[in-house]
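So that we are looking at the same thing, I have put the structure below in C-alpha cells.
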Amino acid sequence: MRNLTGLLFAGGLGFMLLSIASGLDFGAPPMLVGEAIQSVAPQETGATNIVTSVVLGYRGIDTLGELSILFAAAAAAGLVLGRRHTTAGTLTEGGFVLRYGGAMLFPLLMTIGFYIIFHGHLTPGGGFQGGVILAAAFFLPLLARPGARLHHGMLSMIEGFAGSSFILIGLVALAEGEAFLQPMLIQDTLGQLVSAGTLPLLYLAVGLKVGAELAGLLSHLAQTESEA
Amino acid sequence: MAPLELIIELVLMPLVAFIVGLMMVLMMRRIAAKLQRRVGPPFFQPLYDIVKLHGKRTQVSHGMIHDIGIVMAMGGYIAAETLLPVPGMNGIAEKGGIITLLYLMMIPSLGLALGVGQCANPNGSIGIARALTAMLAYDIPLVIVVFGVAYAAGTTNLVEIIATQQAGGFETWGAVQMPLLAIAGLIAMHASLGKQPFEIYIAPAEIATGPMVEMGGKYLGGLFVMQSFQLYTTSVLYVSLFLGGGTTWFDFLLKSFLVLAIPVSIAYLFPRYRTEDLLRLMWKWPVMLGLIGIAFVM
Amino acid sequence: MTLTLLDELLLFSGVTVLVALFLGRRLPAGWMVTILYGIQLLSLLKMAPLGYGGDPIPSTLILEVMGQTLSWRFDALSWYFALITLGSALLSSWYACGEWEQRFRQAGGNVWLFHLAMALNVFSMLILLASGDLLSLFIGWELVSWAGFLLMAMAGGVATRAAMRYITYAMVGAMAIFGGIALVYVSAGSLQYDAILTAVSQMGTPHLWMLVILFSAGFGIKMGLMPFHLWQAPAYAETPGPGSAFLGAISSRMGLFAILLVLVKLFGIVNIESLKIPFTLIDARDLLAWIAVFTIIFPTFTAMKQNDARELLAWHGIGQGGYMLLGLVVADAMGAAGGLLHVFNHATYQAALFMAVTAVIHRTGTSDLNKLGGLVVRMPLSFMVLLVGIIGLAGLPPMNGFVSKWLVYRSLLNEGMPLLFVAAVIGTLGTILSVYKLIHNIFLGQLRVEHEHIKEAPWSMMIPMLILAAIIFITGLLPGIPLAWVASVQEAVGLSVPNYTLGGVESASGSLDMIWVIGVLFAGFGIGALVFYSAGKSKRVHQLDNYAGGHFLTADIRYQYSDNFYAGLMHLIGGWYRGSFLWLEKSVKSLVEFLSLGMQGIYRRANAEFYLLSTALFVIAWVVI
Amino acid sequence: MNSMVVLPLVLPLFGAFLLPIIMRASVGVGLWVGPAILLYGCWILGNQWISGTAMPFSLAIGGFAPPMGINLYVDSLALLFALAVQLLGLIFWPFKLDPETARRQALMLLLVAASTGLALSGDLFNLYVFYELVAVATFGLISASSTGSAYAATIRYLILSGIGSVLTLLGIALIYSQTGTLNLAHLAQLAPEQLNNKLGLTAFLSILIGVGVKAELFPVNTWVPEVYATAASRVSAFLAGLVSKLALLIILRLLVLIFHQQEAIQVMLFLGILGVVSGELAAWRAKDMRRMLAFSSIGQLGMIFIALSIPDQAGLLAVLALSFHHLLVKSGLFMLADGWGGAIENLRGAAKRSPLAAIVFILFSLSLIGMPPLPGFWAKFTLITELAAQTSPLYLIGLAVFLLATVIEAAYLFRLAALLYRPVSEEKPIDTIPKPAGVSLVSASLFGVGLLAAALFITPVGELLNHVAGQAANAELYIDTVLAGTGGGR
Amino acid sequence: MTPTIDLELILYITALGLISIGLAGVVLSQHLFRMVLALVIAEAGANLMLVLAGYRWDAVAPILTSLGEHPQMVDPVPQAMVLTAIVIGVGIQALAVSILIRIRQRFGTLDRHEVAAHMDAEIAQIAGTSRDMSQESPLGERPLPPLPGTPAASREGRS
C-alpha cells in the first residue's frame, strides 16, 4: 500500500511537472543576459572563461555567499560534532597501496589543484574544482593512516584568511571608489595567465577556502565516532 | 374637576368598596352555606368578624414588618379602589390606567408576603411561596385578557374602556365582542380570588392555613378587610372590562354580584388543585383562549 | 487653546486614574478617589444643558492616525449615560471607602488594584461615551472591555475564571464589531457618523443584514443578550462588592449605548425594520425584540433558581437589560423612553441591591441564601434599602422601576404586540417571585443564632445605600426629572419624544401620573395604618421565640424555609431547565478543543509535513491544470 | 555614501571568517568584534536612513550594471529591514562564553549578513543563495543547544528546508528558461509577456512553497513548534521575529514586481487562512510556553500572508504593519520565554516572582490581540479594512477567520496571563517559580518600550510605513531605478 | 532535428524525474539518512533543470578559445549558478550528516518515527509537561466549580 502510494505520488508529481515543462521552449533558451554577458565579458573582466567571469565578476557576491555557506556548514558541523576528537580504532590501517599511493599522490594533487585554480579564468575549472582537489590531497593521507590528523588550527587559519581576503579584495575596490568586488587591474592581455586582474586572486582565495572547508568538514566527520 | 369633589370621591370610593366588599363576603358565605345545606351567617356577620378580631386582646406581633405587611395589604387595596371607576365616580382612574391598577393589586400580596415572612413560620413561608406561584399562574391569562381589552379599546384608561362599551348598549360589551377573552378572564379571576379549588396556598389541613398561620387578632382582621376589598376589586374590574361597567349603581352592583356568584357557586364542585396542576391549568386553557381571543381582536 | 467642558471632565477622569495608580497605596486613597469622582460628577453637571436639549460639546482633542480622524464629543446621549456612570461610580467608591475597604484588605484583597480598576473603568467608559466616530467608539469599547476584565478578575480564583469567560465572550463581540466596522468603512469610505448616515441609505439589503447582525451580536454580548448571556452573572457576582454594584449598574449598559448609537441613530430603526426574514412574517426588528424578550425570561427564571444572593441579582441584571432593548426596538416614543429610563432606574436599584447584599456579606460573611435569614431586626436599614430595591426591580409602584416598565408595556400595547407583552409580563412575574425569595431568605424568617448579635452595616456603607434608595423613590414619584433627560436623548438619536410631565406621561390612550398614584397609595397605607393601629396593642415576641407544628421551636433548630423555595413551580418547570446554553457553550468549546487537537496532531506527527506537502503540490496542480 | 550600504552586508561576513582566528589569539578582543561590526552596520544604515529615503537607489555589485550583474536595491523597505536585522542581531547577540563561543558568534554574524542580503538583494538567484545561508546558519544555531531533541528538530527543519530549496531552484530554473534573466527589475519588465502563464504560475508557486518554509507558510511549517521549543530563545526570537519576515519580503517583491496572476494570490490567501486556523487552534492546547508562542507565530504569519494577498499599497501597509508589530511582540515574548519556557502550569504565580515580566507579557498579549490604542490594533485595522474592501468571497472568509482567530488568541494568551497572577500554593517556595533571566527581561522590556513608543507616535509611524509601502508597491519605480540608463538590458 | 528533440525531452524527463523521485523518496522514507539521500537526488534534478535552462544544442562551452569572432556558446549564467548550487548542496549535506551522527548517538536510532517519539519525550521532559495528548481540558478553562455549600444543580439553570 505504502509503495503504491509512493508510486502514485511520484508519478503524479512527475507527470504534473512534465505537463508544466512541456510549455517550455526546448533547446532555445532566451539567453537575454547570457548573450549580453558573452559579448562583453572578455573585455570587462579579462577572462576567457566566461563562466569564471560570471562566477567571480558578474555574480561575485553569489560566490561570496556560497563560501559563507560552506563556512557556516563547517562551523555548524563543528558545533554539532564538538571539539573533542577521539580517533577510535575502528578504522583499520590502510594497505600498502593506499598508504604509499596517498603519499605519492599528495604532491600531484596539490599541483593539479593549484593549476586548476590559477587557470580558472582561462580554461574550464577554477577555485571550486581546484579547492576540492586540494581537499582531497589533504584527505587522502587521513584515509591511509587513521591516526593522522589534520591541523585544525591551520585549517581554520587558512579558511579565515582566504575568506577574508576575498572580501578584502572587494573592499579595496570599494575603497578605490569603485563598486564592491569590482574587478581591478585588468590588463589587455586576454588569454594569458596574467590577464584577468584580480580574478585569479579571488579564485585562489576561493580555492583555498573551499579546500580548507571541505577538508575540515570531512575530518570532522571522519574523526567523530563517539560522543565524548 | 374641582379638587374638593375629587377628594370626596377618593374618600368615598374605598368606603363604598369596603361596604360592597363586606356584602360580597356575606354573599359568598351564604352561597357556600346553601350549597352545603347550611343556614349561613347573618347579614352583619362579616363586619362583626372584623370588629371582633380588632378588639381581641391576645395578639402576637413578630416585629415591625409583621405589622407593616398588614398595613400594606390593606393600603394597597384602598389605593387600588381609587383607580377603579364606579358609576359617577372616576377617582384618579385616568391618571393610572389599567396597568397601574393591576400592579397596585400586587402590592397587598407583597405586603402580606413580607408580613408572613417576618413571622418565621415555615408553614407561612410555604404558603406564601405557593401564593406567589399561583399569582404567576393566573396573572398570565389575566394579562393576556387585559391586553386584548385595552388593545381593542385603544386605551388603557378604564374610564374610556367603560365608555366604549356603554356606547352601543349590549352589543358593544366586552363579553359580547370578545367572548373568548371574557371566558379566559373569568377563569383567571376565579383563580386570583384564591377560593376553592385554588386555595392550595391556604391548605388548612396541610400547612395550617399557610399565610394566616401566625395571624391573630387585628392581623387577621386586617386580612378580612383585605379579602372584602379583593372580592370587590376583582369583580368590579371584570365588570368594567367585559360587562360595560355600570351606568347606574343598581346594574353596576347587580353585575358585580352576579359575576362573583359564578366562581363562588362552582367553587365547591371541584377538588383542590395542587400547585403544579394549577399552573398547568392556568397556562393551558385560559391562555389558549386568551390568545385566540386576541387574534380575533387584532 | 481653551479646554471645553468635556476636556475638563476627561482630564479629571484621567487624573483620577493617575491618583489611583500612584497614590493608591496610601491609606486615604479611597476617599481621594471618591472625591475625584465627585469632582467629575460636578464637572458633568456643568454640562447639564445637554440633558435639556443643549448643543453637543466637542473635545479639543482630535487625532489623525493612519488616515483616520478620531474625535470625541458629548451629546445628550453621552451625558445621560455618563451621569449614570459617574453617579454609580461615586456611590460605589464611597461605599467602598472605610470599613469595607479595611475588611477587604484584611481578607487579602488588593485595595489599590480595586480603586485603580474602578478608576480605569470610569475613565474608559467616559471615553467610550464621548466617542465621536466609529473608530473612537471601538477604541473606547475595547478599553471598557479590558478595564472590566481587570475589575472582574482581581478577586482571583473563581472570579478569574469567570472573567476569563467574560473576556472570551467580549473578544467575540469585539471582533464582530471590528468586522462590522471594516464593512462600514468600506461602504462609507470613512468612519465619521455623517458619512455612515449617508452610506446606510444606499446600502443593499444583504449588506445591511450583515452589519445589523454583526453589530447587534457584538454589542449584545456586552449586554448579555440571549445566546451570549452566560458570562455575565458569574462575572458580576464574583467581582468585589462595590465593584459588582458598579458593574451591575452600568457596565453592560455600554452595550445598550452602542446599540442606541449605531443601530438606532446611525442605521435607523426604519432601515432595520425593512429587513424582512424570508418565509416568515417577522423582520430584523422583531427578531431583536424577541431576543430581548427571551433575554428577559430565561435569565429571570434562572435567577429564581440561584441560591447565592449575588448570583441571583446578577442574573436579574441580564433580564432587565432585555426590557431596555425591548423598549428601544419598539422605538415609538413611549417604548424608547421606557427603555432609556430603565437604564437609569436599573442602575439605581441594581446598585442599591448589590450594596445591600454586600452589606449583609460584610456582616455575616456569606451570601448563601440558605445560610441567612431573619436579619431584618438586626439590619433594618439594609432591609429597607433592599426592599426598596426589589420593589424597583420587580417594577411595582411606588418605585421607579414601575415607571419605565409601564412605558414599555404601554408601547407594546400601542404597537399591538401581544406576545411580546405577555412575555415581558411573565418576566416581571418571575422577577417578583425571585426577589421575594431573596428578601425572604436574607431578612425574613428565622434568625440564625450566630447572627443574633450582628450590627447594622457601618454608616460609610449605609449612606450611599440610603442615597440610592432615596433616588429610587424620588424618581419613582417624579419620573419627569429623568424623563427630561431621556427626552433629550431621544431627540439626539432621532426618536420621537413622549409627552411627559413631572409625574409621568400624558397620552390620549391612557396616561400615568405617579404623583397621584403614589399619593393615593400612601394615603391608603395611612388609612390602613390608622385602622390597624386603632386596634389594641399587640405583644411583641422575640425573633427566636417561635411556635410551629405544635412545638415551641428553639433557636438551634433550623426551620427556615429557604431551599427549593418554589417547590410547586419547580415541580412543573424544573424539567425545562436543561442548561441548553451551557451545553451549547460546552460543545463549542469541545469543538475548539477537538480542532485544536487535530491541528496539533498535524504538527506533531513525524511525517505529516510530507503529506501536507503533497497536498500542497496537488493544490498547485489544481490551480495550474 | 550610497555604496557604503554594501558594508553591513559584507563586514559581518568578514568578521565571521576572521572571528575564530581572532578568538584564538585573544578572547577579549574577539568578544567585541561582532558587536562592533553590528554597531557599525547600524550606524551606516542609520545614516543612510537619515540622509534620505525619498528615492530608492540601486547598487551594482562589481560595477556590472544590472541585469548582467547583481544589484542591491535599496529602498526604504529594504533599508528598514536591514536596519532591523542589525539591531536585532545586536540585541540577540549570543554573549554566552564557552569553548564554542567563536563558532556561535560567527554563525550569528553570518546569519546577520545573510539576512541583510535578503533584505537588499535585487537578484533572484542571489536571494536564493542568501536564503540558503540563512538556513545553514540557523541550523547551526539551533543545534547549538546540543540536546538530542534539538538535533532531531534541526534535521526535520533541514529536510523541509531542503525540499524548499529544491522547489525554489526548480522555480528559478523555470523562470530562467522562460525569460533568460534573473534580475528582479528585468523580470518585472518581461513578466507581463513571458511569465503571465501557467509556467510563471508554477514557478511562483514553487518558489512560494520553497521560501514559505522559512516564512512559516502553512503546509511547510511543521518544523516550527519543535525548533522553537528546542532552540535557544534568542535564536527562536530571531527566527520568528525577523527571518520569517525576510522570507516574506522575497515573496512580497515577487508579487509586486513579477507575478500578478489571480490564482497565485488566491493560493497564498488560502494557505494563509489555513495557517491562521491551524496555528491558532494548535496554540490553544499548547502546554509549554515556547510551543504556544511557536504556534501563535504560525498563526500570525498566516495573517500576514492573508494581508500579502492584497498586493497594492494598502495591502502592503497592512503587511508591513503586521510584520513589524509581530517582530516587536514575538521577539519580546520569546525573550520572556527565556526562563519561562517550560510548562505553562509551572508559571502559576510567576507574577509575584517578577512583576515586570508579567506586565510586559500582558502588554505584548494585549497588543497581539489588537487592543487599541496599541500598535497591534492599527495593524489589524489596516488589514481588516482592506480585506473587507475586496469583492472575492475568499477574502471575506479570510476576514472571518482572522477575527475568530483573534478570539482564540485572546483566550489562550489571557489564560496564561491569569495563571501568572494565580496565587501560589503555600508549600511551594517562591524561588522555584521560573523567572526570566535578567538580560532577557531587559531585552523584552526594550521591545515593550518600543511597542509603547510606537503606540504613542502612531501617527508618524503610520505615515512612515505608508511611505515605505508606497515605495515598495511601486513596480515602475523599481524598474526605473534599477535599469536606469541601461535600456532594459535588451 | 527529430532525434535531438527526443534527446532534449529525455533530459527534461530525467531532470523532472529526479526531482520527483527525490521528493517521493523524502516523503516515503522511514530512515532519516535515506531522506537526506533522497534530498540529494532531488537536488541533482533541480540542478540539471537549471543547467538545461541555459543549454543549447548547437553551441560550445562558454570559453573563448580565440580572440575575435566567437561561435555560439551556451549560456554561462546557469553554469555559474549550478556551480554555486552544487557547493551549497554539499555544505548542507555535510551538515545533515553530522547532525545525523549525533542523533544516532543520542537516540540510538535513525528511524523517523522513533526519533520523533524520542524528541517529543525529551522536549516534554525539559519543559516539564506531560507528553501525551490527553483529553483533559486545558488549564483555566475547566467549568466553574460550584461555590462551597451550593448544590451543583442550582447553578445550572436553563441558561
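Going in written order, the chains are labelled A, B, C, D and E, and every chain counts its residues from 1.
The rule is simple: a contact is a pair of C-beta atoms (placed from the backbone, for glycine too) under 8 Å apart; a residue touches a chain by one contact, two chains touch by 3 or more.
Just so it is clear, the model here is predicted, and its values are computed rather than measured.
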Going only between touching chains, how few steps reach subunit C from subunit B? 1
State the chain with the largest centre-to-centre distance from subunit D, centres being mean CA positions. B
Name the chain whose C-alpha centroid is farthest from the C-alpha centroid of subunit A. B
How many angstrom lie between the CA centroids of subunit C and subunit E, rounded to a whole number? 57
Starting from the mean Cα coordinates of subunit B and subunit E, work out the distance between those two points in Å. 86
In whole angstrom, the CA-centroid distance of subunit B from subunit D equals 78
Expressed in whole Å, how far the mean CA point of subunit A lies from that of subunit E is 23
Could you tell me which residues belong to subunit D and also touch two or more other chains? 125, 129, 132, 136, 139-140, 143, 146, 151, 156, 163, 170, 174, 176-177, 180, 182, 198, 202, 284-285, 411, 415, 418
Quick one: which residues in subunit A touch 2 or more of the other chains? 9, 13, 17, 20-21, 24, 29, 31, 33-34, 37, 58-59, 62, 65-66, 69, 72-73, 76-77, 80
Residues within subunit C bordering two or more other chains: 160-161, 164, 593, 597, 600, 604, 606, 613-614, 617, 620, 624
For the subunit B and subunit C complex, residues of the former touching the latter: 10, 14, 54-65, 67, 70-80, 82-83, 92, 94-100, 103-104, 106-107, 110, 113-114, 117-123, 125-126, 128-130, 132-133, 135-136, 139-140, 143-144, 147-148, 150-151, 154-157, 160, 200, 208, 213, 217-219, 221-222, 225, 274-276, 279-280, 291, 294, 298
Per the contact definition, I'd like the list of subunit A residues that touch subunit D in the complex. 17, 20-21, 23-25, 29-34, 36-37, 40, 44, 57-62, 64-66, 68-69, 71-73, 75-80, 82-83, 153, 156-157, 159-161, 163-164, 167-168, 170-171, 173-174, 178-183
Note: in the complex, subunit D contacts subunit A through residues 3, 6-7, 10, 13-14, 16-21, 24, 59-64, 67-70, 99-100, 103-104, 106-107, 110, 113-114, 117, 121, 123, 125-126, 129-130, 132-133, 136-137, 139-141, 143-144, 146, 151, 170, 174, 176-183, 186, 190, 194, 197-199, 202, 489-490
Sites on subunit E touched by subunit A in the complex: 4-5, 8-9, 12-13, 16-17, 19-21, 23-24, 27-28, 53-57, 61-65, 67, 70, 73-77, 79-81, 83-84, 87-88, 90-92, 94-95, 97-99, 101-102, 105-106
Touching residues (chain side subunit D, partner subunit C) in the complex: 156, 160, 163, 198, 201-202, 205-206, 209, 218-220, 222-225, 263, 266-267, 270-271, 277-279, 281-282, 284-286, 295, 366, 369-373, 377-378, 380-382, 384-385, 387-389, 399-400, 403-404, 406-408, 410-411, 414-415, 418, 421-423, 458-459, 462, 466
